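Read from first to last, the chains carry the letters A, B, C, D and E; within each, the first residue is number 1.
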Amino acid sequence: MMMNDMPQEAVQEQTRRIGDVVLDLQNISLSFGGVKALTNISFDVREHEIRSIIGPNGAGKSSMLNVINGVYHPQEGRILFRGEERRKMEPHVAAAQGIARTFQNIALFKGMSVLDNIMTGRNLKMKCGLLAHAMFWGPAQKEEIEHRKKVEEVIDFLEIQSIRKTPVGRLPYGLQKRVELGRALAAEPSLLLLDEPMAGMNVEEKQDMCRFILDVNDQFGTTIVLIEHDMGVVMDISDRVVVLDYGKKIGDGAPDEVKNNPEVIAAYLGTSH
Amino acid sequence: MNTATHTAASAAAPYLSINNVEVIYDHVILVLKGVSLQVPKGKIVALLGANGAGKSTTLKSISNLLRAERGDVTKGSIEFKGARIDQMTPNDLVKRGVIQVMEGRHCFGHLSIEENLLTGAYTRSISRAELKDNLEKVYHYFPRLKQRRSSQAGYTSGGEQQMCAIGRALMAKPEMILLDEPSMGLAPQIVEEIFEIVKDLNTKEQVSFLLAEQNTMVALRYADFGYIMENGRIVMEGDAKELATNEDVKEFYLGLAGEGRKSFRDVKHYRRRKRWLS
Amino acid sequence: MQFFFEVLIGGLLSGVLYALVALGFVLIYKASGVFNFAQGAMVFFAALTFVGFRELLPGLTGLDPEGALVFWMAFVLALGAMIVLGILTEKIVLRPLVNQPHITLFMATIGLTFLVEGIAQGIWGANVRGLSLGIADEPVEWIMDSANMLVSKFDLFAAALAGVLVASLALFFQYTKVGRALRAVADDHQAALSIGIPLQQIWAIVWAVAGFVALVAGLIWGARSGVQFALTFTALKALPVLILGGFTSVPGAIVGGLIIGASEKLAEVYIGPFVGGGIEGWFPYMLALAFLLVRPEGLFGERHIDRV
Amino acid sequence: ASEQFIGLPSYRVGPFGSNGASLYGGWIDYMAMINERDGGINGVKLSWEECETEYNNARGVECYERLKGKGATGNTVFQPLSTGITYSVLEKVAQDKIPMVTIGYGRTDAADGRVFPWVFPMISTYWTQASAIINYIGSKEGGVDKLKGKKIGLLYHDSAYGKESHAILDKLASKHGFTVEKIAVASPGNEQQAQWLQIRQAKPDYVILWGWGVMNATALRTAQKTGYPREKVIGVWWSGSEEDTVPAGDAAKGYTAAGFNVAGANYPVVQDIQKHVYGKSKGNMEDKGRVGSVLYNRGVVHGIITVEAIRKAQEKYGKGKALTGEQVRWGFENLDIDDKRLAALGAAGFMPDLKITCADHEGAGKVKFQQWDGAKWTVVSDWISGDQTVVRPMIEESAAAYAKEKGITPRDCSKEM
Amino acid sequence: MLYREAGQFKASYIEDQQIFPIRQDKIGFIAILAFFSLVVPMIASEYWLQAILIPVLIFSLAAIGLNILTGYAGQLSLGSAAFMAVGAFGAYNFMLRIDGMPFIAALILGGLCAALVGIAFGLPSLRIKGFYLAVATLAAQFFIVWALVKFPWFSNNSTSGVISAQKVEILGFAFDTPVSKYLLTLAVVAVFALLAKNLVRTTTGRSWMAVRDMDVAAEVIGIRPMRAKLSAFAVSSFYCGVAGALYAYTYLGTVEPEGFSLDLSFRILFMIIIGGVASIMGSFLGAAFIVLLPIFLNVAMHALFAGTMPAGLASNLELIIFGGLIIFFLIVEPHGLARLWQIGKEKLRLWPFPH
């Protein structure tokens, strides 16, 4: 009963909502010393879609995300974001343009509480200066409270009310992942990059996480780039999938297409799937 | 329902046994509330449970790495091959054949992959040739590592680091491996491979395993016996095959509801979980 | 020009002496990630213990106080003391602090500095003592004669000694099992424990070796300026060497030493007069700082890895 | 009976702990000797308490405050033995009415007692010393007029202390027509290669060593290494103790240094200490071999001056009574240790005669020179005075500036008794 | 069960954002402040005020400064004493050279000088990390002290390099007694501590901590490491500078550049490590501990061994115990006294149940 509230129109709506290309990566190459992490890779991401990147370990998936938000600077290639070409750019500029992300090896601020971690996500939107903060009076206080409200919304959304004040270092892995998602969401990004958000989770937790991702995608229209090794998840929730192997693109398309691509099967999925 | 299997497990002379262990972090945070479990010789035992249930803590209390995190075993005892091991140093434990592969990789970032593997054999005094043999064996299991052998481990990808950590433990030639979330962050193919390796080591070299895993499906497929942990307590135990068919387990840990696997897209967003104990 | 080279060579040779102290830091840092501020105090302790025994022994044994036998007996006893100090440090200070943040360990070594200074002076008294190693601190004659340039015999001897130490330690770290384990420990205490590397043993070994290096440095420096409390300040000379060479590199210590020594002396002679002199206190630090801006991990240091 | 309390802010650890041990040893031993031999000063026993400062200003101030109220009449004299601490308590002592005695260190212009009634930089100030050293060099050259055209190197500790030498030497240089080559050594001074190569290059006729701590031994060592004759190196009194020459070993042989007291254990006053204090195994020195060393004897000088001032004050305020700080100050200001008194104290030739007045808190203004022969110091000159015609105006000028800054009206000494 | 937050609910975020969301804490804080500003001046002796309370307060302020940089922003610095020196000499020169300069303004200007110097020496932190940076801050330590000695202008050409602080007067009231100096210090320190507390719990503080915990991640979410690090250097040096000025004006009265030695920098570092990294309260606890410990040891040694032990040995024993206690405290609680306090509170919350 309960599992059937997703009516048929919703599925149609999904196909409808996908818009134009927002992020276009053209001929990206990246190497570290002798290691070629990415070789001549091109793909695009459309507005509102969930775009997954899969591939074996060391294929260059994380490096790809790092290229998108400016942590790595590719030696070759062009990146077009909302039609603008971005040459060398710094991560905080990407953040200012509405790109947020989570990390493969949790990169929360260990010494801070959950609340503070998520509050940092709103950093970009806060305008008050140092002196105002020191006084904590008038505008600074108002601003703080206002943003706190937003953050509480995120906390409610992710159902982590009970651990608000806990230092994140003490949380189990799965919850840390969720907090990290919260931090990214707090920035109200238009493009969300998720690097293995479900690693180390059991099925139930993965289901929760999927739900969050889908809801974000639905409710806020956020475009999502997702790296994930759980094929069940990837095939179920993505709109299109890119497959990387040894830094090269070996497949790109709808989940079903990719799943049946022999090259992908050989390189990644293996026969047991 | 699980009394029968329980006796079965204890009947096969316990090799590693944990009795009623209680662990407190930082003098105030009580994490394990009396955990008991056994690993029979030559078996693979899976320790399952949600995030924060205390799986890693259990493993660390065995390998005695807790103290480095200001955690303490305040009650209970841990025995391996009939001898108490709760006061031993990790070094002694490794020499006795118990080694842990920690969750979260923990490779030595500044050492190359090969040096990482070589440090794994620190406790053994073996000839150069034998060392080389061992190294080759690990490379045989993980060909990817061979390709990256001279890269600094800190710069390799997440999955490569995971392989490195497991390979490093294998270099110690252990009899009992405590594997903490080996599948985390690995490509499905590799997960499968790793479990094959586990099985291989288990059958060919009689290595016993206690593995904490979130990937219940795979874990139960390879394990002989399973424990399910919630909130610092063991709430269910049984033969792996039985657990895999248990309805609750199926629903909550395998995501299989009645008629089979359900799409992630369709799972509803409501609190489904029934807690055995909270 | 002759003067320039004289200053240059003098500087290079002094630099080697700085490197000798820096080496002790590198050893411990490399093996445990601990920035051992007590190294200076250890140099003092070692030298003081050595002269202490050297004064004591003739009275006890009736041997010739200037003889080789007394020298070596004192050396061995002092070395023994350093090893004991190393082992105790491991037991009392480091073991309980495994896996703690580096700054905590750093602070602990500052505490250790007080402890070691207090113990050294408590045992041997605060007296300032002379120390002669039997190598005169005089110019090498033929260089003096042929080029009218001043190159000290003593400094040459010290440089050679430092060279041997550096070479053997570098080899040890790179190619032996224990050396590898030492580097592993520095990266991740807990992971090192998990694969059975006996941290205790490893640390005791390193601290003992660092003690040996401190003893050598203490003898050389003690012979230069007397055995007195100020030997602890040699640490301050070693720090810029250390950052320039890289905390984790044994050869870096020597190269850093050479660079710092030479440029500090040249700066004092050629820039000093314009700003009123006495710039040796900060110049090496500024130089090292400027250098770091180009290479944040020093010349040969390991890069800080932060991958996301 | 009553007791006279003296607070001792001492330093026995840290880089100068070695110096401190000798100095405080001599001082405490002298006071102990007075108690043992004479039963105190007219029956008033001396009592004291040490307070470790580690040569650190903040701790010095804490010691000052802590010691201030101790004893029946409070602390009656404060002798910080650190210029930094001297400055830190300079204003406090006037408020608290505790005389401060700084012998051979401290604030030079405090020699003007009209502006600094509570401070006594006795025997000789740095400026007087510098002038005396030039006079000594002059005497070796056959008269100060022979200094014309000579070059004198000044190797100084690069700190406020070292720079005390600059103004006075510049003045003397222009007066006598020599040049000064100033070379700074960064603290602590355990490396002087560059400096001595510069000296080797400049070839000065003499080098004045204005050092402290490890800098001294290193200077002598490096002088040897660069071939500069030690006979031409003249040290100040903080560079002229066994603590400076012993660690330099052979390199110190021939080196000469100034001092306002001499070394040697054969003076009657030291003999008395040996007999009455060490004889009863009550000595303060852990290393008895250092009794009679320069710094030990300097401590004895501190003791003598302190005791004599109290004795003097008792003459006015009542013999056999414990005095207040204010009363002891009078004792200091009217101190007059002439040769006769010195002989009576068993210290003839041990320290210069000393007469303090309301205007002149320095008193003697003389130093002796001693040469290190490789094992001990031997006196090589008589008491040599500084050139007061140069020094005194400088002091008065500086003191007047201070008085102006602080709004102090100098005392009129003709009205003081 | 005195210490319980149960039953205290917060109806608005304003309430939850307060410095002391728990009522007992707030009452405790007010009580402590009242005690130190009303009771202490009446009962404390001159010695306590002058030699203990004033320095403890001043060092607390310096420790807060260092804590901002090291504890909150994660940039290890060994140059705090030098920044104090800049503050002291800065304030001195403003007082000296500008007629009618109000003291408080000079104090703040001195702090601003220190902040500027701090920013200059903070620039390398953009590239350099960890101990490399720590050693690099030694450059500041040595260079600043050298410059203050070398250029007589800073000390108004005093031959000895020592400056004597001018009289402190605010609105015609002269602060020249220990009590008044103490109250002035207390007021300045309390205000600045409050400001610091505000800073660290708002965006500025969060961006510092973010950079400390993981600078790549911080940058990715839009925090500019440069701004965060430099602002931390500026604010930290400002605090140290103000502390330095107070050190000169309400504590010692006269200061010389050499007084701001590396030793002092270490002492301040000890304060934050022993007190508690990233804790304002820890800064106070640490300062009190490090100021009091040597004094306590010295007094104790005299009480116990006066006369029976050679003086040199006694002094060395003090040193040994001091070092030993530092290590002991680090082992017992690596997170400092502030953490012990917190654990105490947590236990109190659970009390009488063990868990």
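Keep this in mind: a residue touches a chain if its C-beta (ideal position, glycine included) is under 8 Å from a C-beta of that chain, and two chains touch if they have at least 3 such contacts.
Just so we're clear, the structure is a prediction, and the values are computed from it rather than from any experiment.
**Student:** If you check the contacts of chain A and chain C, which chains show up for both?
**Tutor:** Looking at chain C and chain A together, the chains touching each of them are B, E.
**Student:** Fewest touch steps from chain A to chain E?
**Tutor:** Minimum step count, chain A to chain E: 1.
**Student:** If every chain is reduced to the average of its C-alpha atoms, which one ends up farthest from chain C?
**Tutor:** Chain A.
**Student:** Centre-to-centre on C-alpha atoms, which chain is most distant from chain B?
**Tutor:** D
**Student:** So, what's the distance in Å between the C-alpha centres of chain D and chain C?
**Tutor:** Taking the average C-alpha coordinate of chain C and of chain D, the gap between them is 36 Å.
**Student:** Averaging over Cα atoms per chain, report the distance between chain A and chain D in Å.
**Tutor:** 74
**Student:** Centroid from C-alpha atoms only, then distance chain B to chain C, rounded to Å. What do you get?
**Tutor:** 44
**Student:** Two or more other chains touching the same residue: where does that happen in chain E?
**Tutor:** Chain E, residues with two or more chain partners: 146, 150, 214, 216-217, 220, 312-313, 316, 318-319.
**Student:** Give me the residues of chain A that touch two or more other chains.
**Tutor:** In chain A, 62, 71, 103-105, 107 touch at least two other chains.
**Student:** So which stretches of chain D touch two or more other chains?
**Tutor:** Residues 12-13, 17, 21, 158, 186-187, 286 of chain D touch two or more partner chains.
**Student:** Help me check something: in the complex, which residues belonging to chain A touch chain B?
**Tutor:** Within the complex, chain A contacts chain B at residues 2-3, 5-6, 32, 35, 55-59, 62, 104-105, 170-175, 196, 199-208, 210-211, 214-215, 229-233, 236-237, 268-270, 272-273.
**Student:** Mind listing the chain D positions that touch chain C in their complex?
**Tutor:** So the residues of chain D in touch with chain C come to 12-18, 20-21, 158, 182-188, 190-191, 193-195, 197-198, 200-201, 213-214, 217-218, 221, 224-227, 243, 246-251, 286-287, 290.
**Student:** Considering only the defined contacts, which chain E positions touch chain C in the complex?
**Tutor:** Residues in contact with chain C: 70, 76, 124, 127-132, 134-136, 138-139, 142-143, 146, 150, 214-217, 220, 262, 266, 269-270, 273, 277, 312-313, 316-320, 322-327, 330-331, 334.
**Student:** Can you list the residues on chain E that touch chain B in the complex?
**Tutor:** 343, 346-347, 350, 355
**Student:** Could you list, by residue number, the parts of chain D that touch chain E in their complex?
**Tutor:** Residues 10-13, 17, 21, 24, 28, 49-52, 56-59, 61-62, 64-66, 68-69, 83-84, 87-88, 90-92, 107-109, 158-161, 163-164, 167, 186-187, 284, 286, 398, 405-406 of chain D touch chain E in their complex.
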